[in-house]
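The letters A, B, C, D and E name the chains in turn, as written, and every chain counts its residues from 1.
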Amino acid sequence: MIELNDYLILSGLLFTIGLVGVLRRKNLLMLFFATEVMLNAANIAFAATSHYYNDLSGQMFAFFIIAVAASEVAVGLGLLIVLYKRHGTLDLDNLASMKG
Amino acid sequence: MFEPINISFTSLNMITLAPMLIAIAGGLIILVIDLIKAELHKSLYVMLTILILFIDFGSVLGLNLNERGFFDVMLIDGIAIVSQLLILAASMLFIPLALTSKRFHEYSYPEFFALFLFMIAGFQFMVATDNLILIFVGIETASLSLYTLIALHNRNNSYEAAIKYFTMGALSAGLYAMGSAVVYALTGSVELYQIADILQSRMAEPGIMIAILGGSVLLLSAFAFKLSLFPFHTWAPDVYEGASAPLAGYMSVVPKIAAFVVAMRIFGMYIDLGIEWVRIAILVLAVTTMTLANIMALVQEDVKRMLAYSSISHAGFVMAALALDTTKGNTGIFLYYGLFMFTNLGAFTMLWISRHKNRVFHERYDHPYEKFAGLIKIMPMAAVIMALFMLSLAGVPPFSVFWGKIYIMSAAIDAGYVWLAIIMGLNSAIAAYYYLKLIVYMFLMKPEENDGTVTYNLTKPLITIVGIAVAATIGSVFIMQPLISYIYYMVSASGY
Amino acid sequence: MEKFVYIALFAPFVSSIFAALFGMSPKKTFVGVIASLLLATSFLASALLAMFVYQTGGTIHVTMMDWIGAGDLSIPFGFVVDQISVTMMTVVTLVSTVVHIYSIGYMDHDKSFNRFFSYLSAFVFSMMVLVMSDNFAGLFIGWEGVGVCSWLLIGFWYHKEDVSPEENPSISPSWAANEAFIVNRIADLAMLVGIFVLYWNTGSLQYDVVFANLPYLNQTVLTTAAIALFIGAMGKSAQFPLHTWLTDAMEGPTPVSALIHAATMVTAGVFLVIRANPLYSMPEVGEVSYFIAALGTFVAFFAASMALVNRDLKRIIAYSTLSQLGYMFAAAGLGAYWIALFHLAAHAFFKALLFLGAGNVMHAMDDELDIFKMGGLKKSMRWTYIYMGVASLALAGIPPLAGFFSKDAIIETAFNEGTIVLWAILVVTAGMTAFYSFRQVFLTFEGDERYKEFGIHPHEMYKYVLVAMSPLALLAVIAGFFQGGFQTFITSGDVMPNYAMSEHTHHLVWILGSIVLAFAVGGVLLARYKYASGLKREMKCENSFIYQLLKNQYYVPQFYAEFISKPYAMISEKMWKTVDMKIIDITVDGIAKFIYSSGDDTRKMQTGNLSNYLNWMSFGLVALLIVAAISSVIG
Amino acid sequence: MYEQIAFYLFSVLIIGLFLVTVLTKNVLYSMTSLAAGMVLIAGIFFTLGADFLGVVQLIVYVGAIMALYAFAMMFFDVTKDVKENNTNGSLIFLLGGLTALMFVIIMSAPIMSENIQALYPPMAGVTNPQAVGMVLFTKYLVPFEVAAVMLLVAMIAGIILAGKKMDQSLTTEDDVIVEIDILEEDEK
Amino acid sequence: MDNILSVLVFFPAVAGLLGFVVDKNSIRVYGISVATVEMLLAVWLWMSFDGTNAGMQFVESIPLVPDFGISYYLGVDGISIFIVIMAALMTLLGMIGMSVEKDIKNMIISLLFLEMTMIGVFVSLDAIIFYLFWELSLVPMLYIIGAWGGPLRIYASIKFFLYTFTGSLIMLVGMLFMAHLYHGVSDGIWSFSITDWYMMVLPVNYQIWLFLAFFIGFAIKVPMFPFHTWLPYAHGQAPTIGSVILAAVLLKMGTYGFVRFSLPLFPDASVMMIEPIMVISIIMIIYAAMVAYAQEDIKQVIAYSSVSHMGVIVLGTFAMNAEAISGSIFLMLSHGIVSGALFMLVGVIYDRRHTKLMSEFGGLASVMPKYAVIFGIMLMASVGLPLTIGFVGEFLVLLGFYKVSAIGAILAGSTIVLGAVYMLTLYKRTFFGPVTNDENKKLFDLNGREMVSLVPLVIIVIWLGVYPKPILTPIDNSVKAMLSFMEDKARTPEAKERIIVSSITKEAK
């Protein structure tokens, strides 16, 4: 029988995968992919909990997370476009003029 | 099938939504005006924004205390009102900084002002609810606007800042979502008051503590990012440096207030539940933050970047008050930011006034210390005023930040954390050095080649803003009593 | 009579202020004249007071105003004229007046003439405060006041350069002045301690109250007070080991030496012991008193021995002063306070005369002081020769001059008290005194005229100066005859216990007197034999260890220089350069630098690279998670 | 049983696909695997009975968001392999490993509780989208509207950031030059 | 005029603000006029002061933040009034004697603000207001040292500021804790009023910790060994006027703090701390005197001598008897006058030769006799010659402390010897001997301006040395009142025994 914990562990693992992606990605576009993974991980947890508690709040949360993800993509890509126009690259190693 | 749901309109208590709706409507109005007639001068939008915020402010004042609205999603308690008032006041004070004598990119967009208003609406939603979903959406609305506003300054550094902020913000959003998921899994609710009740009943269950703490850690990490606590603070200096001075100053106050309100709701709940671990974790984060940010600020070459570190340090200072979870400590948070706001406004306005379009004094920095060398000779008034703000930030009485500082230190002592008060004191001493450094440059150094450029950006509105900041910074002792009694009443009325 | 008290006290003060007004102007003779007149007024007032006290036997006590009042302490400016103080007042004002007049002549070529009178009168004022005060604090005012005036006057020729100690043992007037002041300060500290002890145990500093309370005090307190006050006295009276400053003080102008370093100030120590005689008479402090006597005796001998070989005219007299102070302490220590006071007075007259005579010689010899370079001066300086001869005779204790009576009484006392060792030393010292006094006189005035090879043309002092000196000469001759009267007078009040020889001593008085006289005459004759005909230097003797030892003052100054001054300077330097700058300051700066450099280290985490930032964030997350997990497992 | 199979199948596939997403050097692979993973997540939603969420996941995520990414990818011209110099792989491994471990530990805690009363249970006999609608437009109407504002913000942001006006910076250019430009435009 | 204290505090500040408008060439006269008026006000205060009343007078109390217990609460008693007058006097004379030409306007304005803060510190009876003025006084001083100082001026000024600031923040924690305790015992009323705090009897262990917190703040300001190293730098680099004010008034804030806060608030802790403080003070006295002897710079000698003398003041404060505490307060005044005058005198020679090294001088007495005379008088006052102002305080302190510890008093008494050593060496090296340096031969003596600033000090030095009663009596009254209050308040029998209002009545008991 699949327990809530199983879904939550899946969610946790996916979140970790997202986190690893965030950590190791140097290409900003692909880094954004990783953040999507993290949000999806949370979605799974919400949906699973919602299912097991028979409560709709979790699905609501997941729904809004999707909305947030969509908005973030719009803004993030906007920023990437501006950056790309200026620098011609999306490598975040080139993005270190401010430090110290 | 199913019956239509009947809900009486009055039970929705729509008035609780009024402030946010005013801000959103204002944003839309600005967008519409732009559609109807383009190329209008920024002063129009600035004034419109102020007026909208003014109405907003009025509507917040008109709210009744401790009401819920809209299916209990909206929560208008004391801290919601106080924080909204602070947010709106700060916004009204910062937005006139758009009226510079030189043209800067962002202010040529009417959308800038619309986004600004949407951002404020986002903050207002954040603070006026205890629903994790609305908090999340509010945070994101505000943050996404803020990222854009930063980028709109349209310089390489501002993109860099925006992207850094955005990326880390996305990670933080993930953490928040995940944390909420864990909390939801534990309690089956996304509303804090219910979460508190259910957690209370489940506290004793074996093996559950790790999940409770895990959830709190995820949320703490998310808010540590927002509040720029070590080691989640790394974005702050770069973002402040990349953003324009008004926005940097704004960022060091308003998002922090909003985040503190939410943090107060969430972590206050944990601490009230008797989970000491959260308190200790916050204290450790707060102490490391104020200390490390201070020592990093010591070695900065740029005033704005120094102020960025300093505001991190101030945030750590206030975070420590949050960990106390006493009414006095929570009062102190608002009091501190209320007072800090004016000084910070003044300091960043002075930077903004002295801002050049291109970097004259340093290849990287806009406001290197050298720029202010010998200011007392060139512009005595400007130097004195700037020194005033620096002294205030350093916590020299009778300037505004001092009063906040002693109130929070007193709260720490009342809560039995004398060591914390001492650390706060020592940190203030370290901090004094870098504020002093600017004073030393201004008063004790010989002027560099400097053709009166310190007032490069000066206009009457900016003078007015500086004047307000000076008056509030110096006269803060006289507004302390009403502030304290009002905030204390509000905070204690909301049960914090 | 009160107004006479004030006149006596403040006339010198007015004189000082008056002279000070002209302090920066060129020489004005009238300054000296007016100062002298004011001093004479003071003397007259003192004399009238003495008459009054003598005739009525009463004392005058005035309180001018409050000075310090704090807590229970209340110190007024109070003055008392009783037998002791009136004696001192008379002696001081008399000698001062003479010295003032003398100085008009002696200082006539000095461009700081006016300033000199200002200092000199200020000194007299301080001395008057010292002797007249009715409490210990007032005494201390005078005590310090004379110290400062002494400092000013020793360093009067401040513009002289420092030279090496080989060339001039006093290095320079300013050096000698500082030495005098500082050494005195060490003693003053002890004196303050004595005052504190008395205050905390009697609740007052008034003589009468303090003395009235003495019987109720325990031995520790009494001993501490007695010792502390005596150490104070030792400084001012230059008793061993605080004696070096006195000889160096001879750098000052000679009238100063006469007044301050012979007649008055140096006797302040003796005066203190006499004044505090109720304390020193307490049986509990008998050992202290005996120690005073022993130390006095030792110093008498010790100083005399150094005088034997010295070649410096003034230093010889200074040593003799030291030696005579030793006598006085011996008497006071043995309880014969009135004898000590009597010797003090007599000594003041003849020693001042001696110094003034030496001043005449210096004046004549272009400030040359080496008696080996003099000789045969009697031709050109007859009166001076007579004065100095008389004074030396008095000093040597040749009857019927003053010194004989007073010194003989002291030696008798030593015998009377059964302290035979002290007696013997004092007798021997009397002989040595006679020898060195006349060695000096003969080398200066008799024999070949060695000064000629240095191209000096000596001349006699001004007439009026010589006249002015005559009262001293007269007193040096006749003062001894007043011994009995003095005894009656001084012991008539209740301020001074009488001291009389026992029957036994009384019987032996002639024998004792003869022994002393024999030594004295022997000394004079020996000096005449060796030096009257001229200077015959015996190198073998001069190179002997003892001669060198004496010549180098027992190496005490060198000891002080090597083991106190230099180490002090060195430690000070170390304290500053090492402890202060290196340890404390570096620690403070080190903390600041550490904080600053840790800022430099910490800012490295701010690499600017987003990946690192994200790493930091997840590090924070992981760390918090781990800590949370651990603490939740632990509980 | 069926549920179990679906769970494990989906789990393995999602994990695998997302691992590809974060580990591959090819943007195209990365994006494709991300999209595929999201589709499978929609599958999980369906198995959990969250039909509406599953559909939204498919439409918004796979449809809209991935399409946006695809366009961006084309714009950025990163179809080739991406060079990423990871200097501290071991640190990432460590952090990732520890995070995974911690999540597993936390999520294995007895989180599920029978005592919890559902606050917003779906009404009996109502399909999931209907139930969602009921809650969304009552209780969550405010967040829903705020989300609308958020999307508006994102839209505005996307438009102005990507717009042409951003190519020229008033912030860094001297005002004089800008004014001359405007004058020239007027002449035209 | 019951609100004369407010006028005293804010008159210079208002004048300073208005000073921005005054023309540069007239600003010196403006400054001197303002300082004169302030001085006259201070004298008026003295005239209307009732010396027989030991309590607080001219009290003004306006609640500022009632919810947090902060009020604008001023008052003077015998302990503080004379320091206030001295502050006004030294500002006036310092301004007259000031030779600064560069940025004179800024200097005058800074001085006027500094005067406000100085007077404010001594009349505040609310801890927060006290702290406010205390901290605020650092700012103008920082500017004065930093802008008109010597080559190391910036280092010196920052060191001065940060050191003091750090210490006072610890003190602030102590104050907040006091308020917290008061809040606990007073039914939830907040108060930072010192007089309210006086009424509170604290447990001994609290007293000790609070004592230490206050101690750090005061000790750094005094400055006590080993926290003194900022002082030589500050003095060495500061312009003359800066050193004058610093030595005369700012240092007194620390010792005043001991009297106003530490003793009456923590009587038991103060008694327990007598021995440690005695050791520190004696180290300070002897060590600083030795270091002063080793200095090559005239100003540094006087700077270290300040440390040494402050040691005596601290020692007297903790003697716990009326003689010593009155003496120590009197010594604050006398040290203020004397060291202020000495720094002015060093300034005189520095203006002429632009060096302060002793080796550059020698024989100045011949060239500048008036200067030498005044210097000599001040020197004698500094070494504590009777009938000068320096003696009274030193005598009373040593006398009083003898009651506490004979050995301590003797060791501390070495100040009169060691003080003489370094001061006389200084005087000898500078004023005596032949004029060796040609540059010194053409030096001119004190001019009229310098005489005007120095002669009043000479008069005061002698007047108060001869007749200290008008000042000592009010001080003594207040001190006795404070001590008897402390005695009543003390909890431990040891403290009750060692606090001595009057040894006569004590024994009678």
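As a convention for this text, contacts are C-beta pairs under 8 Å (C-beta built on N, C-alpha and C of every residue); 3 or more make two chains touch, one makes a residue touch a chain.
Source: prediction; values computed, not measured.
The set of chains in contact with subunit D as well as subunit E comprises B, C. The greatest centre-to-centre distance from subunit C, using averaged C-alpha positions, is reached by D. Here C-E and B-E were compared by C-beta pairs in contact; the pair with more is C-E. Think of the whole protein's Cα atoms as having one middle point; the chain whose own Cα middle lies nearest to it is E.
Here the CA centre of subunit B is 27 Å from the CA centre of subunit D. Centre to centre, using the average C-alpha position, subunit A and subunit D are separated by 5 Å.
A straight line joining the Cα centres of subunit A and subunit C is 96 Å long. A straight line joining the Cα centres of subunit A and subunit B is 25 Å long. Touching of two or more other chains is recorded for residues 133, 137, 140, 144, 147-148, 151, 163-164, 167, 171, 182, 185, 188-189, 210, 214, 237-238, 299-300, 433 of subunit B. Touching of two or more other chains is recorded for residues 592, 603, 606, 608, 610, 614-615, 618-619, 621, 625, 629 of subunit C. Contacts with at least two other chains are made by residues 162 of subunit E.
In this structure, the chains touch in the following pairs: A-B, A-C, A-D, B-C, B-D, B-E, C-D, C-E.
For subunit B in complex with subunit C, the touching residues are 163-164, 167-168, 171-172, 175, 209-210, 212-214, 216-218, 220-221, 224-225, 230-232, 234-235, 237-238, 277, 281, 292, 295-300, 430, 433. On subunit A, the positions that touch subunit D within their shared complex are 1-21, 23-27, 29-30, 32-34, 36-37, 40, 43-44, 47-48, 50-57, 59-60, 62-64, 66-75, 77-82, 84-85, 90-91, 93. Of all the residues in subunit D, the ones that touch subunit B in their complex are 102-103, 105-107, 109-113, 115-119, 123, 125-126, 130, 134, 138-143, 146-147, 149-150, 152-154, 156-157, 160-161, 165-166, 169-175, 178. By the touch criterion stated above, subunit C contacts subunit D in their complex at residues 615, 618-619, 621-622, 625-626, 629. Residue ranges of subunit A in contact with subunit C, taken from their complex: 19, 22-24, 26, 92-93, 95-100.
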